[in-house]
């Protein structure tokens, strides 16, 4: 028996940068957090401490900043592809580069009755995401979003489930359904209109959550995934993680009050967690996308 | 020398509730987090463990839920006043009740081209705040907001400061200015159009941040406070805490690149913290407001 | 009516530094997070953007690092006093300097059967705290701790409280009592054996929590404060904030099981919050300590 | 093309329970946070909202509490196995049950010179972890730990790396090396002395970090993994994620001070992240362990 090195990767995580671009007096900002992970021929570093193949994570950070200058950042998918391609192409030891980017939304401030040229307000806490993976020959793009918090105050039921000796839950034909969406979708193509695809996928997810009468959060998940796939033919599969953020009807009967689904206790923990993939039956293989 | 009990208070913190109200098919939701602190005649509990005056925090929680049912929550200032008044009036041992409420914003989802009657999306991570304090005879209302994140990509300078042997900062005529506003303002009156006052104060803060050419974050703070006081005559004073969320120009010269205020590193810590009060010179005494 | 500037302060928050000292082969480390707040003659910066009195927060950060080099950090009380004294004495515009330090505990690793000379493990998540305030003539020291999480699995009761229409809580003669202590104590003297005083105060708090049979968390609070004051005569007053981290007995009767205080649900929110001051009746005035 | 459901699972996350056991006057506590994920025949719930196979997550929570009563929790590996086995065996639709448990350490308080029978203090913020996966025929156990924060103040170098146009990092023969270990190790056997194996693996990781002179964090990672595998023959592989928590030597030369690796700035972001697997070359296949 020998002890050996298995899968490994390393890189600089969470290089948080803001890029300002100007057109005349008008500024635009891009606020992104970039994490890089490189895999390849790094055995010598692990086993002997020989770093001759190890691109320093400090260099990776510098590269992120320099690349943000050399051209506008653009869509995070494109920025991720530029960065990942660089590491794979320019360092022979790097066999796979994975770049994950979070983008934080900002809205332009209206002041004195008009859009201000250089003042901005953080939008929601929602994040736009991408993970790009490149090898010498190939590239995969997984876009996504997180922290999209949704709630329906009716239009949700839960009944018909099996019961055992540990079951106390009462069936309900009307409950609050709330979740914080994490969605990641894999594109079948390496070149997409990323901005439009993101916007339409996001809208499809939100609309499906709203419009689908829900008999289970699982059913809502599937409807959301289906809507995303229908909205953009380039999407091969979508993975959703939906916490069931429980809102319990408070029992007001001890106080002589009825509670007709009006007052809810918003619980923290425990919570349900529903995870699922929705895909095309002819989706290409995922390769190294995930 | 004797060891004695000094100031003390207790209560239930963070009762998180969602209240649904319905007008026909259309639902509205109110998402609030209520914390209560009672002061009064509680020495016996501390010194002897005699709880005959101690309204259980569990009862306080129940009261919050029941009050949310007995009438619509309405503006958080009004809900806080109702709750605080109850504890002071209905329990002789309670001399002062302080109710702090955070409200989380939700936006109605548009689906299938129209506002959905019962589906909502969390808006920004900004919070609306109130702290209401009641005694037997009096009441004070301090409204506010937090987590309002603002950024200007130009229109901010910092120079003319004193230098000592520990000073290395270079003066700048153009920098990014970013902050996460915490503002709390005290009303001079016990009865205000809370909703309108909140909206106008918030707008005044945001516009002043955008419009004021800044020579110091202190100057921006004062301009924001002044704008708030001018927007609503009922406000006696406003207290602002503005972290200076540093965005440093990345030195790209080692890579043969210029950085003309285009690429910034968004730092986490340390950060500047600027705190100040702006008030009317004829403001009434704050009493127990804070 | 005129709009005027009220109380204000500013400074650099959260300069996080690690100081290594060496005695022969043996290293020691000090891991602290320093926040500074200066008050004084800063009106011109607020009102006109004239920064001629404004010691940059960047300079403050540099000063922290330089001071950590010029002498060993020592006890955080002493380091805070050195820093606060510097700002008040060396800048005429600074009337009051407040330095708050958090210290994170580290334990030396034992390896190969002996204490390792330069390898360390983070101890608990507990923090040691100090806030030092200096003016030209005076100094105040408030030491403390936070994130000290304590639990008693019995020896706690809660009964005898008033009941109203919103009361549903059942009295208990045996419950779990758990809290996360935040304690801050003010010294009556400017010069104390800080290390010993901290250690004994901390022990007194923990022992009192353990040994006091509790009829209310308020009673435990008072006992803890009293023990601290008895342990160290230099302490004038102590302020405690004790969240009541509820552990609810799970109702297992639907499953045909008894639960004799064996299985508890550890709840997050809401929670009780008990705050109180315990002091000597002849304590000197607090001045600007808090 | 058809849209289909892919991999999916669901369950109750973060049921946080404290179990008290008593031997005479002496209490012991076990503080755990249990998350369950079930996979199996749940297509109907997703596609049609038919929940006849869906064990409610509420039932799962109840089961955790009931199981904690029916027998002592014991080692978290055993508790996870009992729970996972139950869901697979007792619900025909459940093909795979995965139970993840975090355990929080507590230490008995010493009071009045002796160990207190029922008072405890939270130990470090370190967590003990397990993920158990069961199918009808098989079971896999992955134990681990997280939030183990380690630091060496010397005995770490980094040099010999490749340089490109974006490289500015200077080589160093002496740096601070700090990390927050996340380790997960897969056992080759379904039955192990879990407590002893955990303790020895943890010690091996810590000692290797301390004792290995480090030329790269990768080298330290491999040494830690190797030490773990040597400590316990039942471990087939171990996966480590080691953030490089940078501690930068502060440049004090502008202040006329030398900094001979004495004063460090503890940075938050960005940080390096080193991830790797160390395994036996004859390790059995992982199956569904991860």
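Order of writing sets the chain letters: A, B, C and D. Residues in each chain are counted from 1.
We take it that contacts are C-beta pairs under 8 Å (C-beta built on N, C-alpha and C of every residue); 3 or more make two chains touch, one makes a residue touch a chain.
Predicted model only: the values in this text are computed from it and were never measured.
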item	value
Pair exhibiting more inter-chain C-beta contacts, A-B or B-D	A-B
Of all other chains, the one whose Cα centre sits farthest from chain C	A
Computed distance of Cα centres, chain D from chain B, in Å	38
Distance from chain B to chain A - Cα centre to Cα centre, in angstrom	30
For chain D, residues contacting two or more additional chains	15-16, 62, 66, 166, 168, 254-255, 268-269
Chain contact graph, described as a line, ring, star, complete graph or other shape	complete
Touching residues on chain C, where the partner in the complex is chain B	1-16, 35, 37, 42, 45-59, 61-63, 66, 90-91, 158-164, 166-169, 214-219, 221-222, 225-226, 229-230, 237, 239, 243-244, 269-282
Partner chain C, residues of chain A touching it in the complex	165-166, 168, 254-256, 268-269
Sites on chain D touched by chain C in the complex	15-21, 27, 29, 31, 62, 65-66, 68-70, 106, 109, 111-112, 116, 118-125, 148-155, 176, 206-207, 209-211, 247, 250, 252, 254-255, 257, 259, 261-266, 268
